[in-house]
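Two complexes follow with chain A in common, the first pairing it with chain B and the second with chain C.
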Partner chain A sequence: MSRFVDLAKNPLLISSVAILALLIIGELVSPGFARGDQIVRLLTVSAILGIAAAGQNLVILGGREGIDLSIGAVISLGAVIAGNVMSGSDAAIPLAFAAACCAGFLIGLVNGLGVTYLRIPPLVMTLGMMGVIQGGLVVLSRGVPSGNAAPALMAFVNRSAFLGIPGILFVWAAIIVLMALMLKRTRFGWSIYAVGSNENAAILTGLPARRIRVLLYGLAGLFGGFTGVCVIGYTGNSFISVGDQYVLPSVIAVVIGGTSLAGGAGSYTGTALGAIALVLLQSVLTTLNLEFWGRQVIFGGTLLLLMLLYGRQARLRV
Partner chain B sequence: MQPALRASDISKSFGAVHALDRARLTVERGEIHALLGANGCGKSTLCKIIAGTVGLDAGEVLIDGQLAALGSPNLAEEQGVALFYQELSLVPQLSLGENIFLGREPRDRLGFTDRAAIQRQTEALIDRVAAVAGKGFRPDARVSDLSPDQRQLAEILKVLARKPKIIIFDEATATLDRRQVEVFFDILRELKAEGVSSIFISHRMDEVFAIADRITVMRNGATVAEFAAAETDRYAVVYAMVGETGAIAASVRDHKPLEGDTRLVVKDARAARLGPVSFTAQRGEILGLGGLHGQGQKALLAGLFGAEPFQGGSVSLDGVDVTARRPADAMARRIAYVSGDRGRDSALPGRSILENTAIASLVRERRHVVPGAVFRERFTEVLAGLNTRYAGLDAPIGSLSGGNQQKVFISRWLSPAPGLLLLDDPTKGIDLGAKGDFYLLARKLADEGATVIIYSSEDSELLSLCDRVLVLNGGAITADLVGDRLTPFELTRASYGDAA
Partner chain C sequence: MIGLNKLGGRTWVVTAAALIILLVINAVLQPNFLEPSVVQSNLTTFLPLVLVAIGQTYVILGGDIDLSVGAIVALVNVVTVTVIAGLGGDGTAVVIGLVAGMGVGAACGLVNGLIIAGLRFQPIVTTFATSIVFSGLALWVLPQAGMPVPEPYWRTYAGSILGVPTVYVIYIVAFLIAAFLAARPFATRLKAVGGLRTAAFQTGLDLGRLRVSAFMLSGLFGAFASLCLTGETASGDPLMGQTLAMSAISAVVLGGTALAGGVGGTLGSVLGAWVIGMIGSVIFFAGLPFEYQTLVQGLIILAALAGGVLVTRR
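Moving on to the complex of A and B:
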């Protein structure tokens, strides 16, 4: 019985079952939903959300109510920067990635410094940062969309690179493997869990907890910038609120994947599955012709339901 | 005439621990009554019962001859009992006056807080301590702007404002300097003249004999002696605190003679509420830190490890300066630290046993990649050496009992073995079997050349384990007990600041 309960509480299993169930529902409602090319399409959308959620995952794992609400604005910023750097030229793609990632990383570091050294609650710090970036984008672009994606970038995100699978999915697969290795097999990964689990104990084993936390926010920004470039590759051109739609889903994907909002427990593999499940859910709801606000209700409800499911984990006996 | 307070046959258990066993306490009207005893003798519990913050299992408390109902602090207060809080209970954002009258603000006719009355009454209270209050001690001063001493005074005024019949002062003078203690004593004498009784817990024998009329001594949860202060002396009081065993001057312990080199030299180490203290420790020595709770022992250990760096002074180990600014510095010098507060200082909840043990090795060995197989082999061996019972290295730390958890946390530091091992009340709350394993380990490490410094809240642990014990009182070392002088009697005496 208890083994069954344990299994039923395994986030990887829950996410996988949810993915299967949503595919079946989708196929029943709209035959062709689970066709090969449709699934590739859904996975591409999941990859973009998944990469954004990687950053969210890291700050949440780091504990102290870690969260990055500025991630949407950073994605928008990355997309705008990339669009302007590329202006349709393939040669500028590497530079676009570099510029967007650097900008995101720097903004993330500022978030991290504010949270760590000025002790501003992450929610407030990153919400404030979101406002600053959004305002800055309006001022800089005067609200007019500018820049557009290079053709090779659009092909990378949208068209088959190998066996009908676009390049971005290979990149995402590589990120999933690297994140798993990093979290499970490196000191940095172990430090993240340690700091998220009990910061004081982590410091007493010699870990530089503050520097680690600052770096986590920096990485979240970096992933946000990277996502921004992918987004403009997906849509072709950017507008200054293109990233907003990723804020809540990036958090929900992390939670579906079983990462504790208290920090210190979870995996990116779970988050990746969570991103896929969430995109499928979104897609099924669209297929059902549910309006935007209806979808919002279901999204928020899902988040709350998951918190109920996972939130009650046995406390440590000490 | 009835005594102001008569508590009789008070018993109280916390789980399997009998904190109080038929304890009693009688305090006459207008009397200053000192309540003494070693750590864990039950004096704080008894006070909390009288003040209503802890319930009792059996016994009765009479106030002015009337059976008192003591369910809550409010009830106790209504019956004239006030507790002076050792841990500060002030609200930093409010003014001095608002704090003093918090929850009992004088009202004007419309039911609003009468600020003028607060001002007036607070000023009257401040007048009593004007001599020592220092600058800025005004009714409208924000508590967050007051110095630590002034906050302590504010705490006293807060109690006085309730015009109680019986006041319990638990370590009221702990943070006061000599002049402030004098003022505090003046206040106590003034209260006495007004017929107010005081129960006074102190860790300084000097103070007890300077101010107390009578003394009650507790041991192991029971009241063992009552004295009139004028008719007794320090020896009799310490003797009562220690009990029969204290009569045995030299113990039968087989202490290793101290040999070898001086390894650790601490000079003028200072921290908040500590020192400056200076001492040395030998290679192969188990050095105990004794004394009552909160006399600077923890600050000393945390300072040596760099967890709360010293504000001054120097530390050297084997001739090398090891004054640590942060734990990583200390770890690089093979200094290890194990806290008794496992939940706060050691446990990584939700993480595996392997992670909980191996995390420090990653830092010390500057490894960036986790050598899984190496760690598994290493820590399986280390944990087996400590008789640890666990399901597997991948089981969560929370699946272990307290004693086995503590073995996991100490195993962090055993490979390679530490040169200086700092133990902060390490056996708190763990079972006897694990304690035994712990003592064996400490002795083995010392025999292999480590220096071990241990603070324990149990005197018996220090007496049975340590080669030498430094006794701290009010942040200073009051005794260095070794050989024939390492006895329960001397330890207790020095704990009360009474140097031989």
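Moving on to the complex of A and C:
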């Protein structure tokens, strides 16, 4: 019986069931919703959210109320940097990725240093960083959109690379595998869980908890920068608030994917499924012929329902 | 100094210093800065953030966080405006509208509190989800911005009550409520809940009721802020107040209240809210483009927090 309960509370299973159910509902409401090319399109959108959520996932796993609210601004920054580096030229795509990822990584390191060595709460540190980056972007660009994506990058995100599947999905699949291997099979991955679940114990066993946490924030920034390049590949050009829409959804994807906001427990596979479920939910609500307000209310309500299943905190005991 | 210690932490020292520096800079840049009418207009601009920050302080003291208060501000605004218009827009209609708005604010807080404290949901993601629901409801009540409030409403807000400007009356009432709550066992118990939740539970405190009350206070102060904003804009707007939640959290933290809960107070949050407001004013009078506001605001928040840590270490 308890085994059944455990299974029913397994985040991977719940997300998978939610994804299937949403696909069926979508197909019933609007035939063709679950067609192959439609699914590929939805997966592409999920991939962008999912890659952003990878960074968020690492920071949250690391514990100490880890969260990165600056990820949206980092995505915008990555998109703007990439757009200006490329300005439509295919040859500059590798440089664009490198520049955006480096910028994101450096910003992430600053977040990490503030959180660990200055002991600023992550929520405020990254909120302040978000303001700094957004403000910096507005000041530098004067609010005028600049830069555009190279054709090959847009093809990478939007057009088929192999069997009708765009390149970004292969990259995302690789990230999912690499994250799983890193978290479950490497020393660094295990130390993330150790630091996230019991920092003092981790320090006593000799783990450099602070350095690990700084690196996690750095990686979150790196994923943010990478997402930024994907975003400009998806939309073609960038505006300075293009990343804002990913901030809280990236946290939600992590939570409905079964990673505890308290840190130390969860997996990126769950987060990836969470990102797909989130994108599907929004898509189904769009196909339902509802007014905007109704969609919003159902979206918020469904999120609460999903959290009811496993986003809850432990009961206090005497 | 005992009274000051109640502010908790040392961040507020840096914040108070930042406020003084900003005031001096602004006074230099703007010659008529200290004229009563200018002071009043500045304090009017800062009032909504001050109110939201006071409400947010209780939630954060209890170890939670309320990201939905911006959406509550929008919902209260549209409900109040719609109720006033629906009842004909006379004096009674305005009073009923105000009461309805406060009721909606407290009810939203009640919903947040019940879900989070009762069902043990995570506050960050929960209040994000409820904020989506609240803004959806606001769009249902009033799909588009518009629908003016009757003239007596905004005339009273911009005018005075018994010779005292209405805005100052609201400040005084808000401070009295905060002072009253600070003197009651409620404040101490809430800090216990936020500081050491398990220990608070084991001493037999009614955690659920305390946390729900904190969320209701946040909703109620959000409603006050919304009614003030309505007095300024004189119309309904379902997208009002979107940045207020994040600014208020910054204000609370600048004021020395620990995000982890248990330490801090409303007076610091008021200072924090004024600092954030003054940044905008200084940037305007320094002739810098408006775009610099987010940048400078972010830098000052980080500098104040880092400074607070360094002051504490000594």
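Just a few scattered comments:
By our rule, the second predicted complex is superposed on the first by the 290 of 318 C-alpha atoms of A that agree within 3 Å, B and C clash if a C-alpha of one lies under 4 Å from a C-alpha of the other, contacts with A are read in each partner's own complex, and residues count from 1 in each chain.
Heads up, the rule we're going with is that contacts are C-beta pairs under 8 Å (C-beta built on N, C-alpha and C of every residue); 3 or more make two chains touch, one makes a residue touch a chain.
It should be emphasised that the depicted structure is a prediction, and the values quoted were computed from it without experimental measurement.
Once the two structures are overlaid, the count of chain A residues touched is higher for C than for its counterpart among chain B and chain C. Contacts of A:Ala265 after superposition: chain B is touched, whereas chain C is not reached.
Contacts of A:Pro208 after superposition on the shared chain: chain B is touched, whereas chain C is not. Residue contacts after overlaying the shared chain place A:Pro94 against neither chain B nor chain C.
By the touch criterion defined above, A:Arg185 reaches chain B but does not reach chain C. By the touch criterion stated above, A:Gly135 is placed in contact with chain C alone, chain B being left untouched. Once chain A of one complex is fitted onto chain A of the other, the partner contacts of A:Tyr193 are limited to chain B, with no touch recorded for chain C. Shared-chain residue A:Leu303: touches chain C; no touch with chain B. Of the two partner chains placed by the overlay, only chain C lies in contact with A:Leu127; chain B stays clear of it. Residue overlap on chain A between the chain B contacts of one complex and the chain C contacts of the other covers 313-316, 318.
Touching chain A in their complex are the following residues of chain B: 305, 307, 326-328, 331, 337, 339, 342-351, 355, 358-360, 362-364, 367-370, 372, 396-398, 400-402, 405, 412. Across the complex, chain A is touched by residues 65, 67, 115, 119-122, 124-126, 128-133, 135-140, 143, 197-198, 201-202, 207, 246, 249-250, 253, 258-260, 289, 291-299, 301-302, 305-306, 309-310 of chain C. Of all residues in chain A, only 184-191, 193-194, 197-198, 200-208, 260, 264-265, 313-318 touch chain B in the complex they form. Chain A contributes residues 65, 67, 114, 118-121, 123-125, 127-136, 138-139, 142-143, 248, 251-252, 255, 261, 291-297, 299-301, 303-304, 307-308, 311-316, 318 to its touches with chain C in the complex.
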